[in-house]
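Here's the structure we're looking at; comments come further down.
Naming follows writing order (A, B, C, D and E), and every chain is counted from residue 1.
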Amino acid sequence: SPTTLADTYRDLHERPGAMAWIGLYRPAAAQLLSAAEEFGLHELAVEDAIVAHQRPKLERYGETLFAVLRAARYLDETEEVDFGEVHVFLGRNFVLTVRHAESPDLAAVRRWVEDRPDLLKRGPEAVLYAILDSIVDDYAPVVAGLQHDIDEIENEVFLGEPNVSRRIYELGREVIEFQRAGRPLLDMLRDLSAGFDKYGVDEELRRYLRDVEDHATTVVERVDGFRQMLQNIMAVNAALVTQAQNEEMKQLTQVSLAQNEEVKKISAWAAILFAPTLIGGIYGMNFDEMPELHWVAGYPFAIALMILVCVTLYLLFKRRGWL
Amino acid sequence: SPTTLADTYRDLHERPGAMAWIGLYRPAAAQLLSAAEEFGLHELAVEDAIVAHQRPKLERYGETLFAVLRAARYLDETEEVDFGEVHVFLGRNFVLTVRHAESPDLAAVRRWVEDRPDLLKRGPEAVLYAILDSIVDDYAPVVAGLQHDIDEIENEVFLGEPNVSRRIYELGREVIEFQRAGRPLLDMLRDLSAGFDKYGVDEELRRYLRDVEDHATTVVERVDGFRQMLQNIMAVNAALVTQAQNEEMKQLTQVSLAQNEEVKKISAWAAILFAPTLIGGIYGMNFDEMPELHWVAGYPFAIALMILVCVTLYLLFKRRGWL
Amino acid sequence: SPTTLADTYRDLHERPGAMAWIGLYRPAAAQLLSAAEEFGLHELAVEDAIVAHQRPKLERYGETLFAVLRAARYLDETEEVDFGEVHVFLGRNFVLTVRHAESPDLAAVRRWVEDRPDLLKRGPEAVLYAILDSIVDDYAPVVAGLQHDIDEIENEVFLGEPNVSRRIYELGREVIEFQRAGRPLLDMLRDLSAGFDKYGVDEELRRYLRDVEDHATTVVERVDGFRQMLQNIMAVNAALVTQAQNEEMKQLTQVSLAQNEEVKKISAWAAILFAPTLIGGIYGMNFDEMPELHWVAGYPFAIALMILVCVTLYLLFKRRGWL
Amino acid sequence: SPTTLADTYRDLHERPGAMAWIGLYRPAAAQLLSAAEEFGLHELAVEDAIVAHQRPKLERYGETLFAVLRAARYLDETEEVDFGEVHVFLGRNFVLTVRHAESPDLAAVRRWVEDRPDLLKRGPEAVLYAILDSIVDDYAPVVAGLQHDIDEIENEVFLGEPNVSRRIYELGREVIEFQRAGRPLLDMLRDLSAGFDKYGVDEELRRYLRDVEDHATTVVERVDGFRQMLQNIMAVNAALVTQAQNEEMKQLTQVSLAQNEEVKKISAWAAILFAPTLIGGIYGMNFDEMPELHWVAGYPFAIALMILVCVTLYLLFKRRGWL
Amino acid sequence: SPTTLADTYRDLHERPGAMAWIGLYRPAAAQLLSAAEEFGLHELAVEDAIVAHQRPKLERYGETLFAVLRAARYLDETEEVDFGEVHVFLGRNFVLTVRHAESPDLAAVRRWVEDRPDLLKRGPEAVLYAILDSIVDDYAPVVAGLQHDIDEIENEVFLGEPNVSRRIYELGREVIEFQRAGRPLLDMLRDLSAGFDKYGVDEELRRYLRDVEDHATTVVERVDGFRQMLQNIMAVNAALVTQAQNEEMKQLTQVSLAQNEEVKKISAWAAILFAPTLIGGIYGMNFDEMPELHWVAGYPFAIALMILVCVTLYLLFKRRGWL
């Protein structure tokens, strides 16, 4: 296969019936414009192909078909879906692909197509099918990665990990992003099917396309389920966290109650201990006339009085539940 | 009925007008490929049949109809919906079923079909109808199981069981899964109906199919209701749990208030008891010149003073609400 | 009118142009099968009519029309919607109704129809219209009952009734159930309209049917509004309950603060009362050499000291806000 | 213009080509039935017109068009949308309007129409347009009123007004009610447009109708936005109220902590003050043999001991953070 | 180019085949009516153009096309989307634009169009395309601004900024507003496409229009994603704020527990210190007969007793966990 664009164009002119596949990776505008001129590509499509960040779409310009496709990869470390973008121009005798990211491995698609002459002879639409098939197949690990992270998050939620809210939120954002890529693709595949019916593309290719459509639908439906599940998880997590925190507060409050109970008891005992001091104080007064002081049993009487006061207070406090 | 594939093929060739039903259970790729070659099955369908985890779908390859169906069983112990997958190839004179799980009891379907020659003579579509009918009928116990668990969960929620959040969440996940199986089936049944209209399948079979469609719609609508109900339950449960926890906290706080009230009273009584000690201390001082000590009524006066102080404090504290 | 099925059949054969209305209430299978044989009813429809719990639907079997309808009653005590099911077979010269519950008062419908020969002469579809009209009219009190309960619930929510959550949830479940009955009926009415257009049923009957459709739509839309309103009520209730509980906790906490303030004051007063005791203790010591004891003004000096200490502490505590 | 119905009928018969507009306000059934007989109105439509609470709809009975319309007014004091209902019968030479509420000012519509003979000559549909236009124009102040109340509610929410929940809920209910009136009107306008296309109504009138449709769509879309906004406000309000309440609890708890700190300090100081009393008590004992009592420096020694104990305790408590 | 309307009209009459672009900015009604008369504009369209606040729409009046378009700008300081409104009348030989706000820079559009004669020669629809393209292109910075603010809000939420609720709510309101502008535009573009197909506008222009439609769809889908994301953020924020507040309360409660523990210890130590005072009080009593007072070891015995009591209490309190 030729290595410069000029060689390719010459080759193509010299060999009628041949078909060229030109793959550009983040091309300079000049490079793309040269190809545009050679193959008569439409200005609007070329503009779109220079600027990335397009929505998956399909446009037919005369004999040329222009498709914007979005590939996806799952970066497991950061739990992010990384989107790539490929623009495909399909003409009678050429396929021009413009990649804006590394992700869809078009070289592999090319090898696969070249091994299948039966497919290739069905025309450039077959190449488009092969690229679409590869892109949709690449969605599977993304879905698996999301599923895996959701499973992990579920475990974290039910184990009470504290910072899972953020993870749920961020995965939710990735899921929204992925849906925004997947749904237009599905619409595009349906339009393409309708177009194939209208333009009489052969039945076999239509079947292949429906197969891709089925896979894409599976992806979109699962991702839709993920969104619902993440919303449920978010709600469950909020409920469980509040519940756990309230439970902790309850336990702390119970500790506080036990503590207060002890303070109460200490206070009550202190009061009991204190009462006999009063009697000691009375009989320690220095009045001239205190008859009890001269009783023979005065001292034992005072001691008995002290004990009596203590016991009385004890019983009183006990009855009031202060001890 | 013959027992090896080769026998079956020979039988089929020898007896024109006969129809073979070949049932494979998790076949080796080779086995499936042999059947594919014999009956001229389409490569894409064969690929799908080897790998499971397809979406219910229907594809017409020339004279062969290929259907992916998903059966469901409810495992009550784990509250999980267990999905099985059957791939059905329908040709003029053969039915090839590839099962990837035990659940749809195809042997029973076969017996049922064999008992109904009126049905069988309507062609292979009748067999497809019978399988579909069996699968949709098998959804009924799943729906009943889900309903039963929802009823149980409702009871648990209103009885205040603590760990019901997780159960609600997990049942919700099963419901989402089940919806993901049921809705495409409904779409497929509608497509099939449309196809029957287009290909002029006989009216009687169409009626049978509409009957299956009605049952499938009932299932899908009920499961949809389950999803709504589980969301409501989740919300009610979160509200009730918070409410119950707040109520508990309120009661604990009221206990704490009662406790503090007691501590306050003990402190106040201690202060009252303490006051006369001061008087005792004063008249226990050893000054040379303390006139009261020499009064005849000095001692009763001191005691009276003590009582007066106590009563005054008592009234003061009472008025302030400290007792 | 004849009283046994056999009589009816004979009558019908004897009087061509006559039309029989046979009403069965939870018939034995045998009874139904006899009627099925007589009128040539389709096996699938008969199966459906034996088992209840069907979805509202309409199926045309040759000349016979088969309809499954669901009537509803509102049980105000339990706030439940009670569903009845009627299966209607309409043929050229017969109407066969199979009821599985008491609710739709078919006798009244029959009397109404018999009073309107102009309607009856439009054929069996007129009878179907009359039954549909009666069923949809019976939805009105259900809607009114639901509205009434929602109004009550609103009042309860804003009055702060404690157990309204459960009532909201359960009414919500009834609303979901009712929607599950109402929406398929609406679809059925639309299909029936379409069928009437296709089969050229007379314009007048079509108008009557559209009238029923309008009423059914009003019901379905109002019930849809109920669902939204109940969700809003649920959210408001959760918010208000939490708010009220938090308010209560705040008040309890304020009570606790006031209580603590008192404890603090009691403690401070106790400390103030206590200080002079120290002086009393000092001058109650029995040392040989304590010059103050022999001062003439020793005793007043000690009392003054006591007062000074108290005032000092009082001012100190006051400044620190402890009193 | 004639004042009794009978006069009107006679006028109409005498002047072919004339057109009568009869406006009834909550007519007695008899009055309506007389008009029905005169103009050959359909029984179903008349029944609908007697009973109010219909859904906006349009029905064509032969040459007569029957429309149910709902007008709306905003009662700002109660923040309620007040619905009126007009039933319009349109025939070749008459317009019969039946109002069930005061709101749509049909007299004004009539004056407007009479000033526009170019419009009137396009037939009775022009009158229907004028009524529709007036009703949809009257929706504008309702929308403005709702918007105004939503703005007020937003302010209240962010200012922390306590009882805004109820207002949000009730406005939400009005919005749901209004949507229930507006959406069927939109459907009706679309049906009417389709009917105009089908019945070849002149292009100019169709344009007028599309203009009304545009205005109605604007109303419905804004009200839809209101519903979303009210849900958001409800959520924000619940969050903010909880947040504010939690903040208050936090502040109360901080007050409580400060209070407890003071109690702790008072207790600690009391303990320090108390310690020297013990020494006073020891040297106040009356034992015969207490050598310290006879020391010359006994008294200063005791005082020093007291000071030492106080300082020691002070340092100890300080180190432990109790002071 | 002429500067007064009258000049323009004259120029236009003098030069057949010429095309005039008249741009009015908030015109007086008279000015607009003069133009309306000159170009035969339809009354309804002129009425709409006088009053702003229309919904994006498209109406064909004979040979004149009337479009209402809404431009948007993002005011970053206030985080508000500022909407402008342009009304465009397109005739055979004129374009009349009526602006009600500054935002769509029509002068730039005009310059761009004048540089592209190939486009201009495709007729006035090309001008409409150019305006649409410019308006939709201007949506891009709005989307970017919203995205940027959402990113900021996410950071604030996860950093725990306190007043982010209001910002989320208000951005949500802007998003709802923007959706209300964007969706009808999309509908309008689809209607316009359909109209172009019907009226046989040339393929190239249709392609341009589809390009605008694609960009508008991207905008609407992203804004839809914003709405979902803001709802998620709102929920996450409410959860995180509650969580953080609960956490704070827990910490405050733990501080309180530590404090109470200290109070308990101080109380317990006070009680221990107090106990020996009782013994001091006993032996300070003045009874005549107190044998211990005369013991030689009386004093050491009392001291020992004091120590014993302290140690006993200490051990007791220790065992009970009061120290």
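In this section, a contact is a pair of C-beta atoms (placed from the backbone, for glycine too) under 8 Å apart; a residue touches a chain by one contact, two chains touch by 3 or more.
Nothing here was measured: the structure is a model prediction, and the numbers come from that model.
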item	value
Each chain counted as touching subunit D and subunit E at once	none
Copies subunit C and subunit E - rotation angle from C-alpha fit, nearest 5 degrees	145
Centre-to-centre distance between subunit C and subunit B (centres being mean Cα positions), rounded to whole Å	22
For subunit B paired with subunit E, centre-to-centre distance based on mean C-alpha positions, whole Å	35
Interface hub residues of subunit D, defined as touching at least two other chains	235, 238, 242, 246, 249, 253, 256, 260, 263, 267, 270, 274, 277, 280-281, 284-286, 290
Order in which chains appear around the ring, subunit C first, subunit D after it	C, D, E, A, B
Residues of subunit A that touch subunit B when the two form their complex	154, 158, 207-208, 210-211, 214, 217-218, 221-222, 225, 228-229, 232-233, 235-236, 238-240, 242-243, 246-247, 249-250, 253-254, 256-257, 260-261, 263-264, 267-268, 270-271, 274-275, 277-278, 280-282, 284-290, 317, 320-322
Residues of subunit A defined as touching subunit E within the complex	42, 44, 48, 54-55, 57, 59, 61, 165-166, 168-169, 172-173, 176-177, 180, 184, 231, 234-235, 237-238, 241-242, 245-246, 248-249, 252-253, 255-256, 259-260, 262-263, 265-267, 269-270, 273-274, 276-277, 279-281, 283-286, 290, 292-296, 298-299, 302-303, 306
